[in-house]
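In what comes next, chain A is part of two complexes: it sits with chain B in the first one and with chain C in the second one.
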Partner chain A sequence: MHGNTGKILNVNLIAGEIRVATLPEEYYRAYIGGSGLAAKVFWELGDLNADPLSPEAMLIFMNGPFAGLKLSGASRNSVAGRSPLTGCWGDSSCGGYFAPELRYAGYDGIVITGKANAPSMLVIEDDEVRVVSAAEYWGKGIEEVTRRIKQRYGKSYRTLAIGPAGENLVKYALILNEGHHAFGRAGFGAVMGSKNLKAIVVKAKNRDMSIAEPKKYEALRKELNSKIKDALASQVMHENGTAANLEGGVYTGDVPIRNFTSNFWAEMGEALTGGTLTERFLTKQGACAFCAIACKRVVKVEEGPFAVSEGPGPEYETIVALGSLVGSMDLAAACKAGRLCDDLGLDTISAGGTIAWAMEAFDRGDISLEDTGGVEMRWGDMETVINTVLPSIARKEGKLGALLADGSVAAAKRIGKRSIEYTAHSKGLEAPMHDPRGGGHGLALTYAVSPRGACHVATPMLFMEMGACYYPEIGFEYELEPMTDKNKPEAAVTAVELGSIENSACLCQFADREISIPEWVDLFNVVAGYGWDMNEMMRSGRRVFYIKRLMNHVYGLKAADDNLTSRMMEPARDGEPKGIEINFTGMKEKFYSLIDIDPERGIPTRRILEEYGMSEEAKRVW
Partner chain B sequence: MKIRIIPIGLIKRFADEREIEVEAGLTSRKLIADLGIPAELKMVSFVNGTRIDLDNELRDGDEVRLVTLVTGG
Partner chain C sequence: MEYWKDETEPIKAFLKLFENASKDEELNSGLKKVNQLIWFDYTEDGPNCSFNVDCRGGEIKVAAGKPEGKPDLVMSLSADDAHRSWSNKLNPVMAITRKKIRVKGSATGLLKLAPKLKKVAVIYEKTLKELGWEDKIMK
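Here is the complex of A and B:
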């Protein structure tokens, strides 16, 4: 096998069994790697009905075929399984430095089941793999744990760690690589916590890789790296980060404000935009492995109530989730709150979304001081968010921690009083920081049909609607107008296929949008030797989407669950999208018809499953 | 005639906020090209606070906010 190693590590924490398994090559061809291959492994080998926080739950980390190959944005890793936050299929992608090291150690992935008797850590040094005590790290923040692990083993050991939030089974707990790069979404930090697994450490001696056509790959790699580096969007993000055009997004109505109640706030745009972060707090750029873009931020806030030492800084999602979404335009506070979430181990998107919901509930009188244990939840009060709310959630302390630690939907169900009506989510996953009413109606559709719930990186639809990428070779060469439904179902089919390929090949959307479709195909062929054409590659993407849909069928989801809450669908009250209706039902029906999904059951038709070589899967659902 | 250009977000990379003297009949599309803003950026123009078609003619005294849709994630 080329590109991939064909090997995965099976770790059973109850029995202490660690063994190396091989996966059939046809799995790789059909499901690529990353979240797609993880879905296939989960479907075949996982206990699908296990509670996600039970020992039986399967937790999978999976590389893509290009991990470690020194190509910009191509060395991400996916974590996957059943999400404790949504109860549905979940996956989350992370950049950073874990994937290459795992590949060099000889593995495409790690499949973990069981629960250790005591706090533990998985240590991988090539074929020496062991579970050791992590008692000394339990209860500690990720920053300290990462530092101490590196002191103990060496700086070049790559780390994944959870914080107190993961230990305490907060349902939107994250997993952090190198104390900076996040598997943020869907709560897999809590799954690690439920297994008493505080950290995973990996180190390889060698850097050997098997590539089908090494010379051709080297030439292609150099060409693509230059193309990615030289692109205007890359340069812009290098200079000012992923929030480089946050202020522009405020004018188009893309940036959510105060729990999606507003779509325009000019002063906030200027205060939080990437250029302001560069001017005020940036000390240097950071990067994921091999990436020439280097969009990550390293920041320092010198003084004031939100002073924070030099270290990881916030990207776009964090700046908005812990900024305008909670009614704040204080960039220093977003830096500090983001850093705190990293240390405690909280997903900034779901944390911001849940806190924003609570602030609105407090404002409306739907929750009182009695419900919050005496904490006033006021719009924009970042001192309270940082000093009280986030620590209470991560440690599940007091009434407030108990109320908010399971996410906005669970909290709203507990409170009642129609507070569910102002949650902003799909399938229980809090929406990311692009409001589809201004960001694009196609985004509303792709948020809704995304298997893991409201997600802006499940597909490249956001970039397709804003005109940042075109794919003429596969028919996407037309311009989309964001705030209409025109051509959106058709574009969404392409977006779903491409997004499934990206998240399976573990590519970064900021880098791969500079690569043409024929070049994507070339990459698979020269690295893995698949001999694919465009059609075969797109079919793999479609298959990945289908198997995740089948998984959600097992969890009881139907077509009606492909939805967004009214908060994100009702016409905007102000800003550029003011008063505009989204033709959601029309887009969804057309999308189902184009992609052969049953409009009631929400699963691919038997015929299309058979056409995609998924007859065995079809038998389990039809 | 005189107009005021107000670049927003990443468009600040290509232009400074300023008042400029322009020929009558200028459109936002032409202005964007004249400022050297790369054609690959999908642009919108807000004149005196309202989004207008890029081919509409600008008028004396207009405040023109230039915005691109391209954003990060």
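Here is the complex of A and C:
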């Protein structure tokens, strides 16, 4: 096998049993790797009915075939399983440095079941794999844990760790690599916590990889790295990070404000945009493994109530989720709140979404001081967010922690008073920081049909509507108008296929935008030796989308669950998209028809499953 | 060229556009924040079809042709696409993706101006009227 190693680590924490397993080679061709291969493994081997926080739940980390290559944006990793936040299929992707080290150590992935009887850590040193005590790290923040693990084992050991939020089973707890690269979404930090697994550490002696066609690969690698590095978008993100165009987004109505109640706030745009972060707080750029873009930020806030020492800075999602979404335009506060979420182990998107919902509920009088344990939830009050709210959530302390630790949907169900109407989510996953009313109506569709819930990285639709994609080889030549439904169902089919490919190959969306479709195919062929053409690659993408849909069927989801909340669908009240309706039902019906999904059950038709070589899967659902 | 009879026309229009835009307080301030020497290169439509804007040092200077110093940013496109762009009828991201606009140098400054394109389009329409070129106004 090339690219991939063909080997998976199976770890049962109850029995303390560690086995090296191999997966059928056809799984790799059919499901690529990353979240796609994880879905296939979960479907075949997981206990689909297990509570996600029970010992029986399966937690999977999976590389793509390119992990470890010296290629920009190609060394991400996926974590996957049943999400404790949504109760349905979940996956989350992370850059950083874990994926290449795992590949060099000889593994494509780690499949974890069971629950250790005491706080534990998985240590992987090539074929020496063991579970050791993590008692000394339990209760500690991720920053300290990461630092101490590296002191103990060495700087070059790569780490995954959870914080107090994961230990306390907060349903949107994250997992961090190297203390700041995040598997942010869907709550897999809580799954690790439920297994008493505080950290995973990996170190490989060698850096060898098997490449199908080494000479062709080397030529392609140089060409792609150069394309990615020289691209205008890469240069802009290198200079000003992923928030480089935040201000532009404010003017198109893409940036959510005060729990999606507004789509325009000019002063906030200038205050929070990436250029301002660069001017005020940036000390240097950071990067994931082998990436020439280096969009990560290292920041220092010298003084004031939100002073933070030099360290990882916020990306776009964090700046907005802990900025405009909660009514703040204080960039220093976003830096500090983001750093705190990292240390506590909280997903900034769901944390921001849940806090924004609570602020609106407080503002409306739907929750009171009695509900919050005396904490006033006021728009833009970042001192309270940082000093009280986030720590309470992570430690599940007091009434406030108990109310907000399961996410906005659970909190709204608990409170009632129609407060569910102003949650912003799909399938229980709080919406990311691109408002589809301004960002593009196709985004509303892809948020809704995404298997894991509202997600901006499940597909490249945001970029497609922006105009940043042009794939004539596969028929994507549309000039999309963001605030209409024209050609959106057709674009969404391409988007879910491409998104499934990139999330399975574990490619970074910022880097792979610069690679043409024929080059994607070449990369699979020269590295993994798949011998694909474009059609076969796109079919694999579609197949990945289908299997995740089947998983959600097992969890009881139907077509009606492919939806957004009324808050996200009501016409915008101000800004560029003011008053514009989204033709959601029309887009969704056409999308189902184009992609052969049953409009009631929400799963692929039996015929299409068979056409995609998924007859066995079809038998389980039809 | 679809919109221009020769290479002098677009430059006349765009120089006047920048002269008018500089008189607008918001755009003037926005341009100064860009703080770059920019060459708008339309030479694919004629060797003299270009102009430059120098926003460095708190002043805005506009002149025909290639700048004497090395520009911080070069934007190369056709004079027709420039007309579409200033009329806010060309999605700049899409145009860059499809290589209709080629950019060399740091575009960070331009991002600051992107939100103001709508306002620029209004001034451009007035500019075309001033020049007696109502027929070139894009609807």
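Rule of thumb we're sticking to: the second predicted complex is superposed on the first by the 622 of 622 C-alpha atoms of A that agree within 3 Å, B and C clash if a C-alpha of one lies under 4 Å from a C-alpha of the other, contacts with A are read in each partner's own complex, and residues count from 1 in each chain.
We adopt the following convention: a residue touches a chain if its C-beta (ideal position, glycine included) is under 8 Å from a C-beta of that chain, and two chains touch if they have at least 3 such contacts.
Everything numeric here is computed off the predicted structure, so don't read it as measured data.
Participant: May I ask you to decide whether A:G374 touches chain B, chain C, both, or neither, giving the answer as first, second, both or neither?
Facilitator: Once the two structures are laid over each other on A, A:G374 reaches no partner at all.
Participant: With both complexes superposed on chain A, which partner does A:G275 reach: first (chain B), second (chain C), both or neither?
Facilitator: both
Participant: Per the contact definition in the header, classify A:E315: touching chain B only (first), chain C only (second), both, or neither.
Facilitator: So A:E315 only meets chain B here.
Participant: See if chain A has more residues touched by chain B or by chain C, and give me that chain.
Facilitator: Comparing touch counts on chain A for chain B and chain C gives B.
Participant: After lining up the shared chain so the two structures overlap, which partner does A:G304 touch, if you call chain B first and chain C second: first, second, both or neither?
Facilitator: neither
Participant: Which partner does A:M466 contact after superposing on A: first (chain B), second (chain C), both, neither?
Facilitator: In the superposition, A:M466 contacts both chain B and chain C.
Participant: Would you check which partner chain A:A244 touches, where first means chain B only, second means chain C only, and both and neither mean what they say?
Facilitator: both
Participant: Using the superposition on chain A as set up above, list the residues of chain A that contact both chain B and chain C.
Facilitator: Residues 232, 236, 239-240, 244-245, 247-248, 250-251, 269, 275, 466-468, 479, which sit in both footprints.
Participant: Can you list the chain B residues touching chain A in their complex?
Facilitator: 8-13, 38, 40-42, 44, 46, 51, 65, 67-73
Participant: Okay, in this complex, where on chain C does chain A touch?
Facilitator: 91-98, 103, 106-108, 111-112, 114-115
Participant: Applying the document's contact rule, which stretches of chain A touch chain C when the two form their complex?
Facilitator: The touching residues are 232, 235-236, 239-240, 244-245, 247-248, 250-251, 269, 275, 466-470, 479.
Participant: Which part of chain A faces chain B closely enough to touch in the complex?
Facilitator: Touching chain B: residues 232-233, 236-237, 239-252, 254, 269, 273-275, 295, 315-317, 432, 434, 439, 456-457, 462, 465-468, 479, 482, 509-510, 576 of chain A.
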